[in-house]
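Report on the structure given below.
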Amino acid sequence: RETVCIFGTGDFGRALGHKLIQSGYPVVFGSRSPWPSSLIPKDAEVLSHAEAAQKAAIIIIAIQRQHYDFLASLEETLHGKVLVDISNNLKINQYPESNAKYLAQLVPSARVVKAFNTVSAWALQSGTLDASRQVFVCGDDTEAKQMVMDIVRALGLTPLDQGSLLAAREIENYPLQLFPLWKLPFFLSLGLTTFFFFYCLVRDVIYPCVYENKDYSFYLAISIPNRICPIMALVLLALVYLPGVLAAIIQLYRGTKYSRFPDWLDRWMLCRKQLGLVALAFASLHAIYTLVIPIRYYVRWTVEDRTISQALNNKTTPFDNTNGWLSDSYLALGILGFFLFVLLGITSLPSVSNNVNWREFRFVQSKLGYLTLILCTAHTLVYGGKWFLSPSSYRWYLPNAYMLSLIIPCVVLVVKFVLILPCLDKQLTQIRQGWE
Amino acid sequence: RETVCIFGTGDFGRALGHKLIQSGYPVVFGSRSPWPSSLIPKDAEVLSHAEAAQKAAIIIIAIQRQHYDFLASLEETLHGKVLVDISNNLKINQYPESNAKYLAQLVPSARVVKAFNTVSAWALQSGTLDASRQVFVCGDDTEAKQMVMDIVRALGLTPLDQGSLLAAREIENYPLQLFPLWKLPFFLSLGLTTFFFFYCLVRDVIYPCVYENKDYSFYLAISIPNRICPIMALVLLALVYLPGVLAAIIQLYRGTKYSRFPDWLDRWMLCRKQLGLVALAFASLHAIYTLVIPIRYYVRWTVEDRTISQALNNKTTPFDNTNGWLSDSYLALGILGFFLFVLLGITSLPSVSNNVNWREFRFVQSKLGYLTLILCTAHTLVYGGKWFLSPSSYRWYLPNAYMLSLIIPCVVLVVKFVLILPCLDKQLTQIRQGWE
Amino acid sequence: RETVCIFGTGDFGRALGHKLIQSGYPVVFGSRSPWPSSLIPKDAEVLSHAEAAQKAAIIIIAIQRQHYDFLASLEETLHGKVLVDISNNLKINQYPESNAKYLAQLVPSARVVKAFNTVSAWALQSGTLDASRQVFVCGDDTEAKQMVMDIVRALGLTPLDQGSLLAAREIENYPLQLFPLWKLPFFLSLGLTTFFFFYCLVRDVIYPCVYENKDYSFYLAISIPNRICPIMALVLLALVYLPGVLAAIIQLYRGTKYSRFPDWLDRWMLCRKQLGLVALAFASLHAIYTLVIPIRYYVRWTVEDRTISQALNNKTTPFDNTNGWLSDSYLALGILGFFLFVLLGITSLPSVSNNVNWREFRFVQSKLGYLTLILCTAHTLVYGGKWFLSPSSYRWYLPNAYMLSLIIPCVVLVVKFVLILPCLDKQLTQIRQGWE
């Protein structure tokens, strides 16, 4: 294999050198202090920058951007060489031009390729490459890029060609991002959670405190979270399927698919996966909070107290068949809804979704997704139905929180139902024709 | 990069053009109406078909098959060009020959490659390529295929070489499939579920209705599902390990592994993964249905009623140590069984199974799988054991459903136990020698 | 495509031949008995070894290593050919040199490439390549390796270049390994589990048996496991975050990151993922064991008995608000801790961790990981707090097991808290500077 030169004997330089030697590449380091040290892989040579550069066609620049300037003075030695820029910044869009571009300007006669910046030195050295097996590569020279991609592959990593050096900017920003697509769903649910929290606080803690002088503050630990979580799950689930319905209405109204959706709709549609997963997280919490109910001291005490007082009063309530039906049905609906919810989650794991075809994916996500929404809405309706009209469930004119949460799901389901009526469905299909 | 030509400015053509330009390819469209429109990426040229074709070595035909005929008239211009067929059909095996073959017949002097048909235009454009990152490629000309695969890779997709153009038929059918391997397990479990449903209905609802005039119809919501689900899980789990046992018997009987298994056995063995996952789904439902038991109105009422009547009668039942043991053991066995069950599920996620070697995979699937079966069977035996001989558990001569469900697992376990007796095991190992 | 020759018509040879033909390669077998048989794919020729070798540039040696010697006599025919060694051994490091090396010594003029040994013949033939889609390839000749990797890719498998033929040893050992990284966590938890088991046995079963003459042996099924599991989960979770803290102390003490950690620390840090997953398994068991509590006969009996005796004594206990708070808070803390725990588990699925960048991965694993540890520790503290000073919780001077389990987590949290004090944190950041 061809010799690879690495400029810089820092963390990254050494880690990469180590791995390259393991993969059978002769490695030569270019350093300001060209003498071997105990930290540098012992099969590697350490030379001055200029000497090292002459020994290889590929030079990996494992140096921070702010120290690049000395490279300009090596211009001649670097003529025609492949320079691999691996540097990262500390902030998104820190410099006006990308580091790779800057390097290309410094050494115009070299062929600059951006790569490896997503790989962590520590992960590389220790072999725990959990989060960084994908190496984005870009550059203007196809052959140079190919050479770098061969090295990437030989190291057991996966190169992803991102096109010309223009892409370097995005590639340099990538390792600085923190869940960009999750931001919208996160803040949305934060806001909604806060709203429902105060809503429930007022209804379930403050109201009884004011009117009945009872201290229900311990509701804050489980009872109120177990109201907020399912409500959030239901609302977010409905918000996942709302944009699809809106899109259909827009398309029907415009009579064509050949015009762009409004921007907010586009962005909304792109974060449906994340919205759905946040909903799943809330639903899981609801499930566990619910299953834990019979263990709670409060619940145990209530049951025992009721039993004892009934026994003391020599009074038994007869079994109410309707109640039996209602209680069992809403639980069953919840369980089935949750089951499908988890299934949606499993199919959105990248390794599973990669192994199903588009039709199967949409079958699960769209058909089973609507079924999930129907089941969860029915679960809430059957659970809360009997209190809808009861005045006792309004406190300070505030209805139960779950009644509010039912609005969006019911709207989505009704509109969707209208949309799949044959007359509209046919029209819609015609408009979308070209699509699979 | 080399110019790519796209025929057709429909959904797919535009989406692909868009992505290609992003990846640094010059794109030229060939269209019946060769003037720029607002929908077409603005960096792309739009020309007539003939003009566009001349500008590129690769031409992607983003047109429905039924409109291909006009291509025959361009024969000369297309001479030696790489034509990429991306079309899909509406039905499996819709036409006698594959679309790619048809294209090759229309333009015999061109080099036809099949690709991209599994990618959805919308996913391509919006970047949510969840279910279609794998692009199957096939064609008779290796070099042409290589060129197309380079484009695929540049778009961030994964090309999979499927061989000669003969494979196009299969590739065209792929996006039309809907979980083909899941069909057998699905219908099998549908049938069994129906059977057990009516069986339990008769025993648990109709029998008490007839003899005791009691209305247990609300059992339909939870009690009966929570009988059917575990039974299905157990039976299906046993059916996963039955074919392995049958195969071993056949091999022992024939004295050789060098002859094919009967066809039904082969097909059965290939859908064991799916069978197992369906079993896991049933087991999960059983677990949640069970955990929900103490919340049910019916159960709460029963407990309170019993407590009250005992209190009123001034009668307490002493603690029964055997019952304590039995109840705790069957629960513990169920929990451990379910735990291993989920572990089997996790290791069958493609990304996990790809990261373990064959020996590890078989250790989990075969050894731990049998342990799961043992635990689940023991769970049911301990749970139901005491009623096996009790006449009260036979209604209209029908035994409890779980007694039926125990037959297959017990048979599998007994036969497997016989098969691992040293004498038989040695013989079997000898027969299979060559295998790892 | 070029003809491929396969020596040996055994399981592997035939399976590979079958697949190669499907992928469009002409295949010729070299066999001791060169006549077609019903088992050999019918499109393949079967010739003598020498004849077959002449027809192809690549020869796959599907023969056990111990039968290789006859190849030496074919030396001339094999001159310059690519020989693919696919053999495995029965034991790790069975022979002094790797099989591939041995082959290279036997036929020095051929170019030997190691490949395919991780693929199971049965999986290859049946298409269920669940555990072996990755094919490790190594060899001294780059071009030969490239040829083999093309074949691998054409078969729909993923080639991974492992460097020179020296790597063959490791590649041959790979399929014989059984979860090497899991060994340390496994034995550690086995040891700890045994210790805590006997500890709890003495305290919870033997002590009451001796002093109160009560038979609590049925505790063995659920109560004691449900003590051991959460304790193990907590201790192991703390052990996941301990090495990071130790590493920081060492770096602070040495004032540099440029010296290696002690060996035991390195090894410990490399198995943190596995430790964490084992902890997750214990935590899941704890969760289910806990949820099952209200269904246990013992618990039901206790509750009913207490209720009845209270009713008979005409005595009701008033509701204790503090108890309500404590019970609900420790449950809520446990649930949230478990939720984050599962999230850590999900992000360590290879397909998920591959889709997040290094910063995101560390955010989840390090930040959320510490939050998990805090929540789980708080859960245990709130649960057990009130008994800490109560003498009744010491039996034979043995404190409750969970008190022991709190030591390591509390130490880790306290030290970590000290480490993130601005003064130390700044120093540490300076030392680690180079790192991202």
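Letters A, B and C mark the chains in the order given here, with residues in each chain numbered from 1 onward.
By our rule, a contact is a pair of C-beta atoms (placed from the backbone, for glycine too) under 8 Å apart; a residue touches a chain by one contact, two chains touch by 3 or more.
What you see is a predicted model; the values in this text were computed from it and never measured.
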Fitted rotation between chain B and its twin chain C in degrees, CA, nearest 5: 120
Residue-number overlap at the chain A/chain B interface, same or different (half cut): different
Distance between chain centroids, defined by C-alpha means - chain A, chain B (Å): 24
Shared-contact residues (touching 2 or more other chains) in chain B: 291, 294, 307-308, 311, 349-352, 354
Complex interface listing, chain B residues touching chain A: 1, 10-12, 22-24, 39, 88, 118-123, 126-128, 130-134, 153-154, 156, 174-179, 215, 217-218, 221-223, 225, 281, 284-285, 288-289, 291-292, 294-298, 300-301, 304-305, 307-309, 311-312, 349-352, 354
Interface residues, chain A side, partner chain B - complex: 142, 160-164, 166, 257-259, 266, 269-270, 273, 287, 290-291, 293-294, 303, 306-308, 310-311, 314, 316-317, 319-321, 323-329, 331-332, 335, 338-339, 342-343, 348-363, 434-436
